[in-house]
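Report on the following structure.
Letters A, B and C mark the chains as written, and numbering starts fresh at 1 in each.
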Amino acid sequence: MKTEELLIAGFGGQGVLSMGKILAYAGVMQGKEVVWMPSYGPEMRGGTANVTVILSDEQIDSPVLMKFDTVIVLNQQSLDKFEQAVKPGGRLFYDSNGLQNFPTRNDINIYHIPATAKAAELGTTKVFNIMVLGGYLKIVPIVNVENVEKGLYKSLPERAHKLIPLNIEALHNGASIVEVIQEV
Amino acid sequence: MAEEIQLLKGNEAIAEAAIRCGADAYFGYPITPQSEIIEYLAQEDPYNKRTGMVVLQAESEVAAINMVYGAASTGKKAMTSSSSPGMSLKQEGISYLAGAELPCLIVNVARGGPGLGTIQPSQADYFQTVKGGGHGDYNMIVLAPYTVQEQYDFVKLGFDLAFKYSNPVMILSDGAIGQMMEKVTLSAQVPRETKDYGWNVLGKSENRERRYITSLYLQSEVMEQKNLKIQAKYAEIRKNEIRYEEIQTDDADYILVAYGISARIARKVIRLARAEGIKVGMLRPITLWPFPSARLKELAPKVQGMLTVEMSAGQMIEDVRLAVEGAVPVKHYGRMGGIIASPTEVFINFKKLFNIA
Amino acid sequence: MAVDIEQYKKDLLAQGAEVVFSKTKNLTDTPFSYCGGCGHGVAHRLIMEVIEEMGITADTIGVAPVGCAVIAYEFWNIDAVQAAHGRATAVATGIKRTNPEKFVFSYQGDGDLAAIGTAETVHTCNRGENIAIFFINNGIYGMTGGQMAPTSLIGMRSSTAPYGRQHDVHGYPLSLTNLLAELPGTYYVTRQAVETAAHVRTCKKAIRQAFENQKLNKGVSLVEIVTNCNSGWKMTAPQANKWMKENMFPQYPLGDIKVPKTE
C-alpha cells in the first residue's frame, strides 16, 4: 500500500487526535512519510474534533483533502458530515454507540467497531480510541502492531509507559470485534 | 550523534529548533494558532534547563517585541512569535528593530483577518510582511516554510541571516503548517554564545568608545545617509539571499506560484494536471523578500500563464505581475477566511481561469 | 569659532585656578540640549556620577526614552539603547533578563512612563524586574511643545488643555508612582527633586540606593524626580521652581514611598 489518506472524526474528548497521533508515530517507526493535521480551535472543547492522517511511502503533497481512502466516525454528527468524504471503493468505520442513522452508501466498504460497548464491558473506557485503532488496523494493516507499540513508547511520557501493555491489549481487542457490514 | 527523527507539530518544531540552535531568549504573548511555541519552551522554564535560554510571557505583543529589541541590543539571539492580530501590534517594534539594524527572529503563524478574524490558517499577511508593515522604508528577510522540517530549519537559517545582515528576519508560516505534525530530522545542540560584534551594548569599558543603539537621526541629511546605508544592505540581500524551489518548470506550459501551505496544495495540483496531460509546474518562493522576480521574468516567455495560489484576496500576485512585466497573464485563485482550498478545487478553477477544457 | 575647552582649562590652571568640581567621565562633552533651569541635566549628572563612583560603568546599560531625554545617549558616556515611546522598561527587561549580571536602568518622562508606557511600566514593576527606573515628572510634554501630561495638575494650562486641565474632561493627575509602590514587585520607591542643593544631595543618595539594590535581586527600584519645565510652563526658571514648590510638591509629595524593610 503506497498511501493511506485517513480522516478520524468524533467528539472532543474521545481521543480522536491522540489516536491519529499514535498512528502517525507508528508510521514514523515503520519508515513512512506521515502528516497529522488536526482541526483546531473552539470545536476542540467538547464539540467535534477531527484529524487527517496521511501515511505514505512517498513525499506527501497536500495535507488538505476533500476525499479520503478511509474515514472513521465516532458520533452521529461526524457520520452525517463525512460519509460522503469516502472515496468510491474506500472504507468507512463507525461505532454504533449513540447512532440513530446508519451509513447508506453502497459504493464503499463499511465496518462496525463496537468499541464503546466492549470498552465498557472490560472497564477500559480510557483506551476506547485504541480499540478503534485496533479494529481499523485489522482491516487496513498499514502499520504493524510492533510499530504501534514503539510509537507509543516514543510518544508517551515515561510516567505513562506502564499503561502501554493495556493499550496493546486494547489494540488486539479492537481487532477481534471489528465486523464487516458491507464490502464492495 | 545519530540522526534524530521526531514527529513534531510545526509550532513545536519552531520551539525545539530555537533551543537547539542556541537561541538566548524568547519573549511572546499567547495567541492561537501558535501558542504551542511558548508552551513548549515554557516546559523548559524557568531559564530553559537545556541551554539557559530565557523564556518570558510578556504582558502584550508590544512589550514582547520590545523585550526582543532590548535583548538584541546586547547581541543576544532573541525571538518572538505571534499570529496575525499580534503581528499588527508588533509592527512598531519591528520598524525600530529595522531602523536600529538589530538582528532578531520573528515568527508569524498567520490566521485569517481582518480584525479579530478567525483562528484558521491564512496568507493574508503577505502585504504586511513584505511591504513594510510598520512605518518607514525598511524590509525584513522573509522565509516561508512549507513543511514542518523547513519550519525547524528556518529558525537557524533565520538567526544566521539576521546576524549576517543585522536585520530582523521573519518566518511567515500559517496555522496549517503550525498545527500539523510531520517527521523532523533534528540537528545537534549548539551552545549559546554571545560575541562582541562591535555594535552591541555590553557595558562601556575604559578602552573603547561608548556604544548606543538608536534609530533616531534628527538631521535630515544624516537620516538620509542612514536610509541609504540600509538600502545598500537590502541591495546586497537581494543579490545574495533569494531562495526558491522549482518543480517541473522545465516543460511547463503553466506555472503555479505559491508558498507555505498553498505550495503543498499546488504540488498536488501539478499531479492532477499532469494526469490529464496539462503541463503544470510550480515556482515556490522560499524567501518572500527578497522575491524571486528575476527567475519569474525568465520563465514568463516560456509559459502560457501563471497562477498564484494564495489564501488571500490575492496579494503576492502583485509581485508576480511586477516581475513578469506583462509578458504573460497572471491570475489568482485562493480562499479567504481560513479556508484552505483543496487541490481539486484549485485545479478546477485553474482550468476555468485559463479556459482549459 | 569653537572654544577649545582643554586649552581654556589649562590657561585657567596656569593662572592659579583651583579645581573644585570635575565633570564625571560618564558624561560626554556634548552640551546638554535642555533648557536653562531644567532638571534633566542635573538628573543625568547624578546618575552618571553614581555609576562612576560605584565603578560599574563597564557593567551598566541605560535605556533612553522618547521625550526631552530622547537623545540622552548623546550625553551619557556609557552604553545605552534608545527605546520606542513608552517601551523603555520592556526594552530594559529584555536586556536584564538576558544579561542578569549587568546593571540596567531606564530613564523616562511622565508621558513615556505614565501614559503611553503604562502597561509596560506596571508589568515590569509587577514582575519585579531587577532594574532601576528613573522617572522625570514635570507635568507636561516638553519635547513636543507643551502638551498635557498624565501628571499635569488640575487647572494647568497646556497646548492641548488651553483652558486648563479639567478632571471631568481630561481625568485627574496620575500618581503612578504611588500605585506602583503597592505592587509586591517594587522594592524601593521614592520621590525626589533636584531644584535645591539639599534636594540634589538627597536625590543622589536615592539614585545610589537604586543601583545598589540591583545587587540584591529584590525587584524594581523606582526613583521619581519631580522637576520643573520652565519652557513648557511658560515661566522663568526661578518662577518655575517657585511654582513647582507651591503646586507640584503638594500633589506629588517628596520622600520615600516604599523602603526596604531592614532585616
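The rule is short, and it goes like this: a contact is a pair of C-beta atoms (placed from the backbone, for glycine too) under 8 Å apart; a residue touches a chain by one contact, two chains touch by 3 or more.
Quantities reported herein were computed from a predicted structural model and do not represent experimental measurements.
Shown here, the protein chains touch in a chain-like sequence that does not close on itself. Central chain by Cα centroid: B, whose mean Cα position is closest to the mean of all protein Cα atoms.
The distance from the centre of chain A to the centre of chain B, with each centre set as the mean of the Cα atoms, comes to 34 Å.
Here the CA centre of chain B is 39 Å from the CA centre of chain C. The distance from the centre of chain A to the centre of chain C, with each centre set as the mean of the Cα atoms, comes to 64 Å. Within the complex, the chain B residues that touch chain C are 24-25, 27, 54, 56, 58-60, 62-64, 66-74, 76, 78, 92-93, 96, 100, 201-206, 210-216, 218.
By the touch criterion stated above, chain A contacts chain B in their complex at residues 21, 24-25, 28, 33-38, 40-42, 60-67, 154-155.
Contact residues of chain C toward chain B in the complex are 28, 57-61, 63-64, 70-71, 73, 76-84, 87, 90-99, 102, 119-120, 122-123. Partner chain A is touched in their complex by these residues of chain B: 5, 7, 32-33, 119-120, 175-176, 179-183, 261, 264-265, 267-268, 271, 340-345.
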